[in-house]
Amino acid sequence: MTVRRANAFDLHVPAPRARPGDKPDFSDWSFPEPGDTPRPEVDAPAAELRDFAYGLIRVLDLGGSAQGPWAPRLGADALRRAMKSMLLTRAFDERMHRAQRQGKTSFYMQCQGEEAISIAQATALAPDDMCFPSYRQQGILIARGYPLVDMMHQIYSNRLDPMKGRQLPVMYSSKKYGFFTISGNLATQVPQAVGWAMASAYSGDGRIAAAWLGEGSTAEGDFHAAMTFAGVYRAPVIVNVVNNQWAISSFQGIAGGENTTFAARGVGYGVPALRVDGNDFLAVYAVTQWAAERARSNLGPTLIEHFTYRAGPHSTSDDPARYRPADEARAWPLGDPIERLKAHLVGLGEWSEEQHRIAQEEAIEIVRAAGRDAEKVGVLGVEGAHEIGSMFEDVYKDMPWHLKRQREEAGA
Amino acid sequence: MTVRRANAFDLHVPAPRARPGDKPDFSDWSFPEPGDTPRPEVDAPAAELRDFAYGLIRVLDLGGSAQGPWAPRLGADALRRAMKSMLLTRAFDERMHRAQRQGKTSFYMQCQGEEAISIAQATALAPDDMCFPSYRQQGILIARGYPLVDMMHQIYSNRLDPMKGRQLPVMYSSKKYGFFTISGNLATQVPQAVGWAMASAYSGDGRIAAAWLGEGSTAEGDFHAAMTFAGVYRAPVIVNVVNNQWAISSFQGIAGGENTTFAARGVGYGVPALRVDGNDFLAVYAVTQWAAERARSNLGPTLIEHFTYRAGPHSTSDDPARYRPADEARAWPLGDPIERLKAHLVGLGEWSEEQHRIAQEEAIEIVRAAGRDAEKVGVLGVEGAHEIGSMFEDVYKDMPWHLKRQREEAGA
Amino acid sequence: MTSMTMIQALNSALDVMMSRDSKVLTFGEDVGYFGGVFRVTEHLQQKYGAKRCFDAPINECGIAATAIGMAAYGLRPVIEIQFADYMYPAYDQIVSEAARIRYRSAGDYTVPMTVRMPYGGGIFGGQTHSQSPEALFTHVAGLKTVIPATPYDAKGLLISAIEDDDPVIFLEPKRVYNGPFDGRRDKPVQPWSKHPASEVPEGYYAIPLGKAQTVREGGDLTVLAYGTMVHVALAAAEDSGIDAEVIDLRTLVPVDVEAIVKSVTKTGRCVIVHEATRTSGYGAELTALVQEHCFYQLEAPIERVTGYDTPYPHALEWEYFPTPPRIIKAMRRVMES
Amino acid sequence: MTSMTMIQALNSALDVMMSRDSKVLTFGEDVGYFGGVFRVTEHLQQKYGAKRCFDAPINECGIAATAIGMAAYGLRPVIEIQFADYMYPAYDQIVSEAARIRYRSAGDYTVPMTVRMPYGGGIFGGQTHSQSPEALFTHVAGLKTVIPATPYDAKGLLISAIEDDDPVIFLEPKRVYNGPFDGRRDKPVQPWSKHPASEVPEGYYAIPLGKAQTVREGGDLTVLAYGTMVHVALAAAEDSGIDAEVIDLRTLVPVDVEAIVKSVTKTGRCVIVHEATRTSGYGAELTALVQEHCFYQLEAPIERVTGYDTPYPHALEWEYFPTPPRIIKAMRRVMES
């Protein structure tokens, strides 16, 4: 029998590398070199793919050249389009963050530093593949050409808000653009995506589903449900874990990141899992394409961990300087996704500093114009933007007696 | 962009190897040989232990000799004690199953074929380590010497039932014996065990916790919660997945067993995971001892998958011949745990057919005697076994006014 | 017309809908090959294939969530939660998601799913096989909650639930799955075949949601009940000698307030019966509705006969279960007030 | 005595209990270093160490479950669910486990844990940051449900909750965390320091669970309220010119039925106010209780002023929120009946 050692115990509570006042230092981190990771066949058995969960697929080196077998064949036009979407996303975030600060709405969430993920993935997926995003994938809507002004109407909860002012800002929904209605409850969308993919497989229509959640949200039981069902029924779905190192004030160690990678979760279910540099547009594009091809070939789900950094605050409700060094984002060893794609395009001779500056200004101008239009319609809090009666609609397809009565009571 | 292949899809629904009418055939299964698996140091890093999740730790060969580095040093007395507990457990199950059939109670659940697991583990754990069982670990109580007659009182919901007739049969509870109150809701006990272990670590008292759940129950979100918290806080806990191939009528593929092992779930969290032949008493003892030592050395949690076969029905409420070949249990390639320990003891010269027969008869007699005592007190449905008023007790520590009023209403 | 048990009627509803509409599929724990622990989905896998009727992992959250995804895709999934007691892990998906997706997306996405669950006690199932959680659903805007009491209603209501474009919680009174138990434990068990409401058409028919049914006419007192308790209330009415009107609500949300008001306006007295714990049970809502609508007609306090505010006990199950004598006592008190 | 906001008072309660009893510890999402998104646990990690105040993974089920395990071990964990809207994943562990462990083990194991959660709307939080799920707890035997309305009560009740040997659901009205909002959006915001109930002793004191408080005496009508709605009800009483008695229930289960009955017996009229959706809300239970106990004293139907039976909307938040004018309308109707 094992020997009892009283008081040998200690409750381990993970702590991040640096807190406000500390100097962020990633110098002891090391990553596989760009180009070093092999690209397996999409029909490789999951058991042979386990190592990918512990590596990091990289294509762009920090100088901007594309390396190795994962380098995708993407034309310069497509890359420039993607660049413009990334710039638009960043400009949009900046303006809407400011709009909230100016009291024009109640809440906003940026995706600063994570733009490559949604935009590369939207580029790799078919336009009618179905997306089940979290609140930080506005890039998908932007890349798919959803009108910015409609996003703003939603954020302002104004008269033209497609969600009729019912949802918190950024909780978009668009069936037409293959974008599922965002939930405030973390991770619930992931098993829903699996169900959608099962339905697609059942119906044989060839569309696949993709879901996104933060590394913090992988702790939720819904993620486990999603992985279990996806594995069991081999659903054509891509589950994307965006590991941006933070979940509000909690570093990724609180979600289990001290013990293994988040991609390793996939290994646990026998689901192929790839870990990718999320700030590397080309790598994200390439792994998504690989996973999509797997799904479309009836080979089932893939988990992708996007290794990135949340450069902005969690939302307009928090100040990250209270829980992490203010300059940690700048110290991030894998750079900024826009700068890295820019270096690549410039290196290819397909882009220039000047073109970049103009594109940035254009993005700002497009956002400004959309902002003007949206604000003309109204910002949050304009009386009468929605008639009271609309509050009682869409609870059910047909309004039952008790809601009719309550509508009357409300004077509508 | 990937090519759309409409109608390439198919919804995969796992199906077992054999259904009623089919011949059970495990001839294509292969396992590592007894003794072939190395025994790592308890402080080996989780990343070096991954392979153990895909192997099978075996000590006893089918002839009954103990092989290799996992062979534990356990004296013949301890082995004979364990054998007697296993025989007692089987005799107890047989009688109580019959008692339910005779209408003496509403429900019963056997652990036939799985006796080695709880009894080897109870032997390896310290008597005051805390157990969070599912409904199939009656062997722990029996090995720890909990009075059989009290188990029967519980099963009969009679006047002396320590749970006052409140719980379904087999839902035991005994703080004194380190046995947590069993829940009807699957897997809820697993994260509770982690919390208990965290409390123990916080308090530094040197006790560890262990939890059990079926392979089917690993699908529940509570299992994910347990693994996440256990990993993050390095809780001194052993999580035991009893993979008995079936969850009522669903084979283990419905819980994800087609894609990888259940031990692999641990790999997903970076938690060391061992896979063991659950019908091999010595192997189960050895891995439990290893995991307990890890936990006691402040090295955190271990997951153990016990690979076994549910030889009986799920409970008295079902007839397994409706969903699996009636002779599948007999075809199980890893034998019966009692027979295998018996062969070992006989091989050591510490046991004989005759001793076995006597021990079996003794077990039956002990159970019969306890049964007589319990039935004298009463079986389920005896009027007045519990006074009505007791129904309102223990909802809260102190009875609030509304329960007092309801008690009056009930005429108590 | 065939005589069916409630199990058979539910099975027939699924069969009819699966044969009419390839968008209907059903899954849940042990639902596939085995046909469900209560056998409601028996033969459906054999008839429609494993892709339309299959086993699910033991994860009620995942069962609900994947059904939501399927419904958003355009299918009409019918899921089984093995016992209502095990719906809690699915509660978030049902309450925060299924119930709100139409509203939050302003009709962009909808969730036409049906959640079947056996509920209620009287089978010596103990505290985790006996619960009646209907009030946890009636409080949630966006859900409809339905409880049949007979084979005929079970089939017609389940068909309506499947055809409904909103999520429907369909609670099945397991105590009367195989026979119309009326709470008289001493009387011999009746089979459904002796009950007129076991005459069930083999084909398609629908009973509209939101409509109650008066199952006994009476002038002195109104008893509101649903599920198993309808039979118990009828027995109580019979044994009491009181001229009681018994209303089977059938749908709890939206409730048929007109039928309730009409009856209580006539009788001036009301007893409400359910098996769930009393505090904040659905009986509280019914009490509130009745007193809001019929205050001036009420001649006595409304009484609730319910499960007690304790977990469902095993040995004392019959002390917990609202039996005819308990209901009669309440009826007398209300009559004498 | 210091003037404290409700946040500070709650923080002080935790501080007092952690310093008195090493068995008290607290955890939840962002609760550790950051001190909670509403800052209720600020400085506690710095003062008591990371082992007594720490961040948890985003898994409310795990937070509740590990707390149950700790409580079974003998500690007194206090957990924070970041918003009440996110309690659903923890619901099974709270309802099926925490609430029943004492009962099912016949007292062998107990669960002295406190579950803190900010609830309620009025902060433009939309449907997943505004819910009032109290009725989902009041229906569950084995739980106590507490809702303070002032800093003084918040501290005294939280201390009692932590000391209680049963699981306590402690709902915090986040709209009045920083000031006593009374529903008059046009009036300047008052800080707590202007409110007498912000005078809070720095040390230990306890307010017994199960006791309501009459916060305004009156003879014509009783208003029952809790949390934020206490302040709104007071404003309504003031503005209405009606001589209303306002009762702050403070504990919902076990509710102080004596205080309610005494008041309604005196006034003969009753209005109930809560923010949760109406159907099957806690107001239904209060209505049922009042009519059961005071039927012959009631001179008018009891009215409920509540959130509507819809998800909590974002833009129309103030149309949804039960404001003084809505309450006054109901008071008038009740007075004129």
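We just call them A, B, C and D in the order they show up, numbering each chain from 1.
Just so we're on the same page, a contact is a pair of C-beta atoms (placed from the backbone, for glycine too) under 8 Å apart; a residue touches a chain by one contact, two chains touch by 3 or more.
Not measured: the values here are computed from a predicted model.
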Two chains joined by the most C-beta pairs in contact, as defined above: A-B
Most widely separated chain from subunit D, with each centre as the mean of CA atoms: B
Rounded Å distance, subunit A centre to subunit C centre (Cα mean): 41
Centroid distance [mean C-alpha coordinates] between subunit D and subunit C, Å: 32
Centroid distance [mean C-alpha coordinates] between subunit C and subunit B, Å: 35
Junction residues of subunit D - those touching two or more other chains: 51, 56-57, 59, 61-62, 85, 88-89, 92, 96, 103-104, 127-128, 141-142, 253, 279, 308-311
For subunit A, residues that touch 2 or more chains besides their own: 11, 13, 164, 166-167, 171, 183, 185, 198, 200, 202, 219-222, 224-225, 228, 232, 254-256, 395, 402
Subunit C - residues contacting subunit B, complex: 29-30, 32-34, 37, 50-51, 54-59, 61-62, 85-86, 88-89, 124-129, 278-279, 308-311, 313-316, 319-320
Residues of subunit A defined as touching subunit C within the complex: 130, 132, 162-164, 166-167, 171, 173-175, 180-181, 183, 185, 188, 190-200, 202-203, 209, 221-222, 224-226, 228-229, 232, 394-397, 400-402
Partner subunit A, residues of subunit C touching it in the complex: 25, 51, 56-57, 59, 61-62, 65-70, 72-75, 77, 89, 92-93, 96-97, 101-110, 141-142, 144, 164-166, 210, 253-255, 257
Touching residues on subunit A, where the partner in the complex is subunit D: 11, 13, 15, 19, 106-107, 157-158, 161, 164-169, 171, 183-187, 216-217, 219-222, 247-250, 254-256, 317-318, 322-323, 380-381, 385-386, 388, 390-392, 395, 402-403, 406, 410
Complex interface listing, subunit D residues touching subunit C: 85, 88-89, 91-92, 95-96, 99-100, 103-104, 127-128, 135-136, 138-142, 253, 276-277, 279-285, 287-288, 291-292, 295, 298, 300-304, 308-311, 337
